[in-house]
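Below, subunit A partners subunit B and then partners subunit C, in two separate complexes.
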Partner chain A sequence: MPEREVDLTRVRPYADHLGDGLVQMSFTLPVPYSLAARRAALELASAMGFEEPEVVHYEQLTPGYTYFVMYVRCAATVDFASLQEEGFDIEYLSEDEIETFAAEHVRRPIVVVGASTGSDTHSVGIDAMLNLKGYHGHHGLEGYRAFETYNLGSQVPNAALLAKAIEVGADAILVSQTVTQQNLHVQNLTELVEMVEAEGRRREVILACGGPRVTNELAKELGYDAGFSKGTYPHHLASFIVRELAARAAVPR
Partner chain B sequence: MLLSELTRAAPRLALVGLAKNTGKTVTLNALLAELSAAGTPVGVTSVGRDGEQHDVIDFRIDKPRVRLEEGSLVATTDALLSASGTGHELLDRTGIGTPLGEVVIARLLSAGEVEVAGPSAAQDARAMADAMLAHGAEQALIDGAIDRRAASSPHVADGLVACTGAVLSEDVHEVVARTREAIELVRLPTLAADGPLGAAAHALALAGSEHGAAVLSADGAGAALLPARYALTAQAAEIAALLAEHRDAAAIAVSGALPESFVRDVALAARRSRREITLVVADATHVFVHERGVEHYRAQGVRLAVLAPIDLLALTVNPVAPQSHSFDSARLRDLLSEEIAGVPIFDVLHPSYRGAQPPVSRALRSRP
Partner chain C sequence: MSAEARSKLDLDPGVVNACRQAAHQIAEQVTEQIAGMTTVSVERSVTRLLGIDGADEHEVPLPNVVVDQVQAAGGLDRGVAFWLANAIIQTGRSPQQIAEAVAADDLDLCSLQVADEHQIRERAREECAARLAQISERFAERRAWREQLGEAPTPLRYVLTATGNVYEDVVHARAVAEAGGDIVAVIRSTAQSLLDYVPYGPTTEGYGGTFATQANFRIMREAMDEFSREHERYVRLSSFCSGLCMSEIAAMGAWEGFDNMVNDALYGILYRDINIVRGLLDQRVSRMINGYFGVVINTGEDNYLRTADAIDAAPSVTASQFINHQLARESGVPDAQIALGDAFEIDVPVTNGLLYEWAQAQLTRELFPDCPVKYMPPTRHMDGNLFRTHAADSLFNLVTVATGQGIQTIGVPTEGIFTPHIHDRVLGLQNVAYVFNAARDLGDEIEFRRGGIIQTRAHEVLAGARALLERIADEGLIDAIAQATFGDVSRRRDEGRGIEGIVTVADGYLNPLVDLMREASYA
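Our next item is the complex of A and B:
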């Protein structure tokens, strides 16, 4: 039995007892291992807004660098209840459920074309989604009966990705973008959306993007139908695609 | 003259930024404040997301909220509408999904701040604008997102307000140069539908996107259809061979997207064979050139032309790059007007601008 009810409108980290706000964090500073380094870590934690900072462990990583583990207290709270109400949570289907759903509601192979685009060489994310091997023991879409997949790899120009999607009559175009330095990825991601618009196909095709820094909010601004971040498994993506196709078939536009 | 007066004749007005943080939302708020002062009923939608608290990429940047008057119409998601806590009457459920929920059209029962996230597809944004006009709005404002331009297509909106700002570069001359290039792109010359090239290109456009592209001779005769997806896939050698085969080719009409790689390769072939080629597209939102400007390609022998023009009504500037640098507003506008003729240029937050004060504090420009 819980000691007391959690107030979901004012949630803060938990360690020993509810609401204690205790946080464990670790980081490295580019300073030599010393008492001054320890002092610097404490001051930095205070500057981060944490209370009662405590260095519980520190050691030299390599000459000139010191690694810290700290306990700190977080006074801020977050309103989980209202986030929950906003309906961002989706229930994912299992691989079997997806196959059954697709067979019932889509009734044809679902064609998807994916790539890591622009100058981005990171291909692990898109491979995790599409290739048979998949991710953490979950098949990629290639392993599903319902899907016909084309993985174009990395550093694919938007024009080439779009041309392939049109050629094979893709239901969905999937983009992976890992490098977010200098926001170059933003222009590259919006360009694809705008090219799909220029080809007059924006309403026909599902556009999804993914990567460590992608959120649903960013996806919306970029003009994608969904955004997927860290922790995504192929069945998350597949759940979204089959449901979206079924919804679009139900409401012809 | 006020921005709202300049743009009044466009029932569907698109706002497009040259990049993030060029002041689209501030411009939108200025328009809303002026229209409200004039008692004009408005509708608002966004192809992205507008009125959010923090920038989606740089969380340190506070964003201006969107304030709507009682009676305003809005196309946004049901979740964002309820989160705003503003009383409203639900008019339509659209069935259009976004990453932030289903889009609905509502009328506000009291004034309030609402986060606006309408449909992402330009055609759907057009449908929202039309629906809001039908529900009694006199003007529908379609806000863009980041650097997306699709909603400014003449097939979607009747007029455009473009937004530029210090965020484009730390060098004021670079800001001016990049803005000039973007505006040149918006104002590409229009081929008269009754001229020989124009007529042939229009005919191709009507034939639909299955054909994709065609080579045209100067008299409009002898249009040869090109393989599907030609502009997206053709390589330099293929294009050179095409021009060698069609000695009288004066133009290539492309019905879909015109990527920079294609423009570059046509320029290469045109220069080598000392010819001039016009690339014709439906409208400026079909052209994707980032690396070089329209003028650069013109010097190489490639002209760009459109079948339908975009009506650029005004340019607004944000002299502040959030979390970075800023320029003197008057100087920036002076430099811009020296380079860009025929467009009124405003800084809607500058004291010299006489609009109704938008309910956004200057502080939100977060001076560095």
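Our next item is the complex of A and C:
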């Protein structure tokens, strides 16, 4: 039954009206295109815990592989109200506010070293964060007075990134992972944390990572201070770094 | 665009001519600057064309084993062909048997008795000519079969696969062929461009792509040939003659019957930090091989727009097309085999962005009417919103068909998220099929308003390209690259990976393959 007000302790997906729980999904099964394949998709959706599964489209990709587009109803709910209280949402500072904040609380250039590491050839993420040009009209950290930046580009070995960070006395190390496969980014990110720890520098440096497959939760799980996903602008990252540095300065090591 | 079609952009032939003149001058300077040098990978490609294949017990490829031995003995300045031909004369063995003996430490090429120089030259030339004839024959058969089966009308649909496992690639390749893909390219594992050897054998692990090996080439070729036979439609294969082994991969592709090859040194120079001179030397020979056997090469101008702004950097794309066109011609590649790069990369919120894209795409076609052009989809500004990407790809497809591009890399909705999944590629191909069919003859119906946005933009880009080309002609391509002219990336002549693999040649340097290919292209 449609509910009149959103119960933030029991939220489910919204499509047409409150509480309908409709979810759109698509996937391929390695089975021949057939009525049995369609049936398999419906049963699979039920096994996932969805109700009233519907296949709105299915087709053969190549013999033995069938692609499905489905709508399903999600009966499960999530308690948004308690998540809201956990402080996930940061208020971002503007470029000017960051400069002022850094001048007041950090009072020295903040050294940031970044790279797209491992076999990843894409520098687009790290360039957007660090280079003057930035992204969608937001300057990268290079354009801030508060930051001294080193962008090492793509395909940088973790060891080289760490060596540079030590050489220039980095306050923060940024790692970008753009296009990855089979969770290679997780291995790669983990390796860097282990190396930083092995060097005994984990407490001195802010470690942050970013990329379309990276989340703040994943980053923290891997031992990073923060993770930045799609939709991050340089001032989001900069807000985090200046605040974190200020907070660390306030607490003696 | 047919040759007799009128310019839709009303380009000034004087400006176009000035661009060509400058590009010609630049290409000649490059040829002079890299004269008198060879590289370890050029020499390895000689061994490969002579039939040397396989690896030693430590998995070092035999072409490396042979070239490394000659280099260690200080003999590479004569060319590996010299030492191989001498060994053939002295031992009566085949190049492959010689390589195996070298790997087994049973033969030291440079300490054999050296035969009469003239006799060595003759023998080397005979071996090479026989091998080229053998490969040419395979190509001629393939060409005849391709023509008999027929291909789709242009733009040809170029689709990438990249699972890391060659056997999964076969599944993806069949799916994309079934959905209308005309050219399948297996993306290489990302680190491969920096390896100074080509791995040996079939591979099932790779990241961001699958290793280009001769065995993988063969597996893909057999699978696509089987598809072509079953469906009576020829599916082309492509790979990447780039990185530190450009010319070796050209040699492998030639033997395995690949139809197309990405073949541009600048990509490796700018984005993989490969030394400029090394890259240009390897490029020259790899393009010679591709040109000789009728392989279509793709150049990489589209990549600049991944790091530089698509609106500001448009003249650098056009300038690079002029230069690449001249460099390819200098390596004996005819226009019909030069697919110059271009891309649809203007950010989505730009007002009239579609018009600017249209101007650029039309400009490329009009400047190089006999070159196929490879047109690349939007990638840089595509994010996790796959529905928006799918919409942007529709506009890209429209511009592709309306401006008559020869080859189109298809756009995929999940661009920028991960290496696309099997159904993402099929969705991309369905979008292409819809738009190409719905707007098949749109280009013939369109003329642009004189002095309108599209014409004006094309004129501006061309004028910018001219200024840039004239500047580069003054300072030389190598210095221009040092000044970050392309893709906002700067590389210097005396830096970069692979620099240690450059060898200054001695008098009497022998490379009959290059000589024979050059004679053929200028015959």
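What to note about this one:
Everything below uses one rule, namely that the second predicted complex is superposed on the first by the 177 of 253 C-alpha atoms of A that agree within 3 Å, B and C clash if a C-alpha of one lies under 4 Å from a C-alpha of the other, contacts with A are read in each partner's own complex, and residues count from 1 in each chain.
By our rule, a contact is a pair of C-beta atoms (placed from the backbone, for glycine too) under 8 Å apart; a residue touches a chain by one contact, two chains touch by 3 or more.
Here the structure is a predicted model, which means the values were calculated and not measured.
With both structures placed on the common chain, the touch criterion links A:133 to subunit C but leaves subunit B unconnected. In the superposed model, B is the one of subunit B and subunit C that contacts more residues of subunit A. Within the superposed three-chain model, A:61 lies in touch with subunit C and out of touch with subunit B [touch as defined at top]. Residue contacts after overlaying the shared chain place A:38 against neither subunit B nor subunit C. By the touch criterion defined above, A:155 reaches subunit C but does not reach subunit B. With both structures placed on the common chain, the touch criterion links A:12 to neither subunit B nor subunit C. For the contact definition in use here, the subunit B contact set and the subunit C contact set of subunit A share no residue. Residues 82, 85-87, 157-160, 162-163, 166-167, 183, 186-187, 190-191, 193-195, 197-200, 202-203, 215-227, 244, 247, 251, 253 of subunit A touch subunit B in their complex.
Against subunit A, in their complex, subunit B makes its touches with residues 20, 47-49, 52, 56-57, 79, 82-83, 95-101, 117, 120-124, 145-150, 153, 209, 228-229, 231-233, 256-259, 261-262, 281-282, 285-286, 288, 290. Within the complex formed with subunit A, the residues of subunit C that make contact are 162-164, 171, 174-175, 178-179, 189-191, 194, 207-208, 271-273, 306-307, 309, 347, 349, 380, 383-384, 416-419, 421-423, 426.
Chain contact summary for the complex, subunit A toward subunit C: residues 26-28, 61-62, 65, 67, 119-121, 123-124, 127, 133, 136, 153-155, 178-182, 184, 212-213, 230-231.
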